[in-house]
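You will see two complexes here that share subunit A, one where it goes with subunit B and one where it goes with subunit C.
What follows is the complex of A and B.
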C-alpha cells in the first residue's frame, strides 16, 4: 500500500497548496496579533500606514499606568485561583461522564458541556440575576465562581477525550498486580492525564484571564484587565497603550503555551515514538 | 475520606484567596484611614465610562472627601450599563447620556435630581441643560457635564469641491465607497432624515422610517464602513479608506492635532451627544451622591475633559480656566451654536428605527 503522505509530499502543486494554506491559516491566526505588536512601536495614535518613527513610549506609559498594573494584578490573581478549581471540578466531571455507568449519564454529560455552547452573554446575565436574587454582593468571589462555571466544562471536555482513549485494562492490570487505589491514580491514571491536565490548566487560566463579558456582568467594583481594555478603547489616544500592554500580555501567554509545548515534546522524546498530540488527546 | 477532606481544604483555600483578593483590591476604592471627618461620609458607588475614573479626574475627588469610601465600576457602552443595572447591579451615581435617560427613567432606574443641591446648576450652559434627556416630564434627571456636536467631516484634499449636506454623503458619486457613518441606529436614521428634509429627525412616522430605510439601502454602496468610536473613525480616515463621513467635532480636533487635513460642517443640522451624571433610584447616601455629581460638573474634571478629549464642557466657569484657543476650537466662544444642536435621543418608536437599521445593515 502506498503511503498517502509520500504522494502529497512528492506532488509540487500539492506542496505549494499546503504551504499557501498554512500561510493563510497563520495569517488568519496571528496576523491581527502581529499588526497589534507592530503598531505598538509606532509613534502615532492610529493604526494605519505609513509607519511613523519607532517608539517605546507606549510601553512606558502602559507600565506606568496604575490602572493597568492594578487590573493586571486582579486578573492574574483571579485566573490563578480559578485555574486549579476548574481543573479539579472538570477532572471529576470527566470521570463522572466517562468512567461510570448510570442511568442519567447522558443527561449529566449534556449539563456539564452546556456552558460551552450557551452564549456567554446569557450565562452572564443569568448569573447576575442569580447573585442578585440570593443577595450575594458582586465582587471577586462572584467573578471567580462565574469563571469556574465556564472554564470547568472545557476542562471536562479535554480530560474526557483523554480518558475515553485510556484503556481501562491498564488500571485493572495494576490492581491485579497489587496496586492500591492511590497507586493506580499516581502511577497509571495521572501520568496518562498529565498532558491533558496541563493543557486544561493553561486554557482555564486563559479563559479566566481574558474574559470580559462574564467579568463585566458578574463583577462589582473591581477592574480586571479585559474590563480595562474594553472601557479604554473608546478613546483613540488610548489605543497604542492598549496595543503595547496587550502585546506584552500576549507574549507572556504565548511564552507559557510554548513552554508547556516544549515540556510535552521533551516528555514525548522520553517515550520514543510518541506523537506529542497523541499524548495530549 | 482523607482525599475528600484534602479537596475540601483546597477548595476552601481557593475561595478564601478570592475573598482575600477582593479585600486587597484598591484600584477602584479608596477608604480614608485617618483623614479628618468631612461633611460627606460613608460609601458612594459610581458607574461610568472609563474617562470618569482616570487618575486626573478621580484623584482630586478622592482628595476632597478623604472620609468617603468611593467605589467605581466602568462600562464601555450605555447598553451594557443599563442591562447590568436592570439585572441587579447597584450604583449611586450613574454616567448617562441623553439618549438613554428616558429608557432608564421608564425602568425606574433613575430618580429626579434636586437642582438646588447642584452648585453649578446656574452656570451650566442653558443649551445643554435644556435638552431632552436632561429634563424629562418637567423634572431634571441628568446633570450634563460633557458633550459634543456632530456634522460632516471630510478631507479637503480628497474632496476639493467640499460638502455641505448629508445628502452628498449618500448621493455624490465622487464619494462612492468612501463614506463612513456611525454604527448607531439613532445617528444614521436621524442624519438620513435630515438629508431627506425632515426638520425634526426624531419625530418620524412609520412611513417616514420606511422611506429612510429604502433610501439608505439604495445608497448603501456609498458606505465603506460603519465606525464605532473615535479610534475607528481616525483609523479609517488616516488610512484613506474613507474621505468623508458623519462624525463628531472632537474627531476633527483630534485629527487636526495629528496634522491631518480636515473640515467639519454641521450640514442640515447638528446632533449633540450630551452625557452627564444621573442619580440612581436606589441611592441611599444622598449627600455623597450629590457630592459626586457636584464634582463631575465642576471645573476640575471639566478642564481635563476639554483639554484631553476636546469635549464641549457644560459649566461656564470652566471656560475662564481654558486657553482661549481651545475655547474657540471647541466652539464655546459662541455658546449659541449649541442651541441649534439636537440632542441624540431615543424616540418612542425606537423599535421601528432599530428594525429599519437592521434591514439597512443586512441589505
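What follows is the complex of A and C.
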C-alpha cells in the first residue's frame, strides 16, 4: 500500500484546486440527475426556478399513466428475457474462445468482439433493413433478438476475462481426486465464475433496460421505457411526470447495483485476495 | 496423469466448436447478415423503402450534396470538441485517482463513475435540458445575478448543448482506461523525476502522458467512435445547429424512406470508425515506443 501524497508534497492551493476539480466532476456526473429529482417534487407544470411548494402529485400521476405503466412493464419483461439468454450465449462463447484449441478459434473471437466495436446505430440500421428484407414484422421479438446480439458479446468479454485468470491446476487437482466433468463444473469452475456471472447478468439486464437506439429502430410501434421518454420529450419541452418516473427508475437502478456490489464486497472480504474492484468491470 | 492425457485431446477436437456453434450462428445471422444487407442497400436505388436495382448514386449524392458536407463538418466538430473536453477532464481525474487520492476516496470515485454509467442515458439527456433551457437553472442564476439581461438561448438546442451532454455521458468511459494505464505505473518514476528537479509540466509531458498513452488509445476507441453515431442527444438538445450524421441517417431510413442513402451513410460511418480505430492504434504504439526509448 503506497501512501498517496506523502512523497510528492502538495501545496495548499494545489489541494484546493484538487477539491474544486473533484467537485466539478461530481457535478458533471450527478448534478443534472439531482436537479431532475428535485423538480419532480416541485408543484408546477413548468420545470423552472424558483421552486413552488412540495408535492408528490407527479409521482401519483406518473404511476397512474397507462403509457408509463405499459412501457415500464414492457422494458422489465424484455430485460428479464434478454438477460438469461445473453448470459447463456455469452458464457458459451467465453468457454469457446478461452478454454479450447481448434482451428477457427481466433475467427470466433473476432466475430464475438464485432458487436462491441461497431457503433449501435449502425447495428440498429443493419438489423432494421435485415428484418424488413426477410419480412419479419417488427415487435418484441425483433427488439429482443437485437438486444441479445449486442448484450451477449459483452457477457462473453467479462466471462472470458475471468476464465483467463482461472488456474487450470485447480481443475487438474479436482480431476486427480476423481471428480467427474459435471462435478468439476459444479464445484470448481462455477464458483470461480460466480462474480463474473453476477456482474454480467446485471449488465445484460441494464443494457436491455436502458437501450434506446436499438429499440427505436427495431421496435416498430412497440413502446419501451426509453422510447416512451424519447417520444414524450420530442413533442413537449418539460414534463414533470418524466421527472418523477425517471427519479424513481434511477433510484431503483442505483439501489439494485449497490446491493449487488455490497454482496460482492462482503464475499470479497470473506475470501481474502479477491479484488473488490473486479466487480466494476 | 493418464486420465488427463486421455481427456485433453477429446476436449480439443469437439467441445470447442460445440460451445462456439450457437453463439457463432446467432452472430452470423444477426450481425454479419445485417452488415451485409447494409452494404447491399447502400448500392441499391431505393423507392418507398424497396431496393430497385444496382447504383452508385447513393454515394454520389452524399459526396456531392453540400448539406451532407455541412452535417459531416458539424459532426466532426462536435465529436472532436467533446473528445478533447473529456480528455481534459479524464487525464487529470485518472491521475488523481491512480496516484494522489487515498484508496478509500479512489474506490468511492470509481464506484460513482461506474454507477453513473448504469443509469438511463436518455434520462441524463433530459436532465441536462432542465439545466440548459431558457428557463433552466443556469439562465436563472445568470439573470438573477445580473450577468446577462436576457436568458441565453445558445445553451439549449445548439451544438454547444450536444457537446456538454455528450461529455457528461461518456466521461466515465474516457477516464477508466486511462486510470487503468496509470495504475500500472510505478510511482517511483514520478518521485525520481521530482527528486531530479523536473517541473510538473515536464513530469506530465515526459512521464505521465507517454505512460497514459495506451489508456488514451483505448478511451478513443471506446468513446470517439460511438460519438460519431450518437443520435438521441442531438435529437433532444441539438436543434438545427447540433444536427449530426446520426440524425441524418435516422431521418433517411425511418422518415424519408430513403434506405439507399441512409445505408450508404451508415456504411461510410463504419469505414470512418475503422479509420479512427486504426489511427488510435497507431497513436498508442508510437507513444509507447517513445516511452521505452
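The rule is short, and it goes like this: the second predicted complex is superposed on the first by the 234 of 281 C-alpha atoms of A that agree within 3 Å, B and C clash if a C-alpha of one lies under 4 Å from a C-alpha of the other, contacts with A are read in each partner's own complex, and residues count from 1 in each chain.
Operating definition for what follows: a contact is a pair of C-beta atoms (placed from the backbone, for glycine too) under 8 Å apart; a residue touches a chain by one contact, two chains touch by 3 or more.
Here the structure is a predicted model, which means the values were calculated and not measured.
Of the two partner chains, neither subunit B nor subunit C is touched by A:60. When the two complexes are overlaid on their common chain A, residue A:114 makes contact with subunit C while staying clear of subunit B. In the superposition on chain A, A:81 makes contact with subunit B only, not with subunit C. In the superposed model, A:128 lies in contact with both subunit B and subunit C.
Of the two partner chains placed around the shared chain by superposition, neither subunit B nor subunit C is touched by A:266. In the superposed three-chain model, the partner touching more residues of subunit A is C, compared with the other of subunit B and subunit C. In the superposed pair of complexes, A:220 makes contact with subunit B only, with no contact to subunit C.
When the two structures are aligned on the shared chain, A:102 is found in touch with subunit C, with no touch to subunit B. Of the two partner chains, subunit B is the only one touched by A:45; subunit C is not. Shared-chain residue A:186: touches no atom of subunit B or subunit C. Looking at subunit A, you'll find residues 46-49, 125, 128-129, 132-133, 216-217, 230, 233-234, 237-238 touch subunit B in one structure and subunit C in the other.
Contact residues of subunit B toward subunit A in the complex are 7, 10-11, 14-15, 17-19, 21-22, 25-29, 45, 49-51, 53-55, 71-76, 80, 83-84, 87-89, 229-231, 234-235, 238-239, 254, 258, 308-309. Listing the residues of subunit A that touch subunit B in their complex gives 44-49, 66-67, 70-71, 74, 77-78, 80-81, 84-85, 88, 125, 128-129, 131-133, 138-141, 144, 216-217, 219-223, 227-228, 230-239. Interface of subunit C with subunit A (complex): residues 3-4, 7, 11-13, 15-17, 19-20, 22-24, 26-28, 30-35, 37-38, 41, 49, 89, 92-93, 96, 99-103, 107, 109-116, 118-124, 126-131, 133, 135-137, 140, 167-168, 171-172, 176, 187, 190-191, 194, 221, 225-226, 228-232, 235-236, 246, 249-250, 253-254, 259, 262-263, 266, 269-270, 273, 277.
Only residues 1-2, 4-5, 7-8, 10, 18, 21-22, 25-26, 28-33, 35-36, 39, 46-50, 89-90, 92-93, 95-97, 99-102, 104-105, 108, 111-112, 114-115, 117-123, 125-130, 132-133, 145-146, 148-149, 152-153, 156, 172, 175-176, 206, 209-210, 212-213, 216-217, 225-226, 229-230, 233-234, 237-238, 242-243, 246, 249-250, 253-254, 257-258, 261, 276-277, 280-281 of subunit A touch subunit C when the two sit together in their complex.
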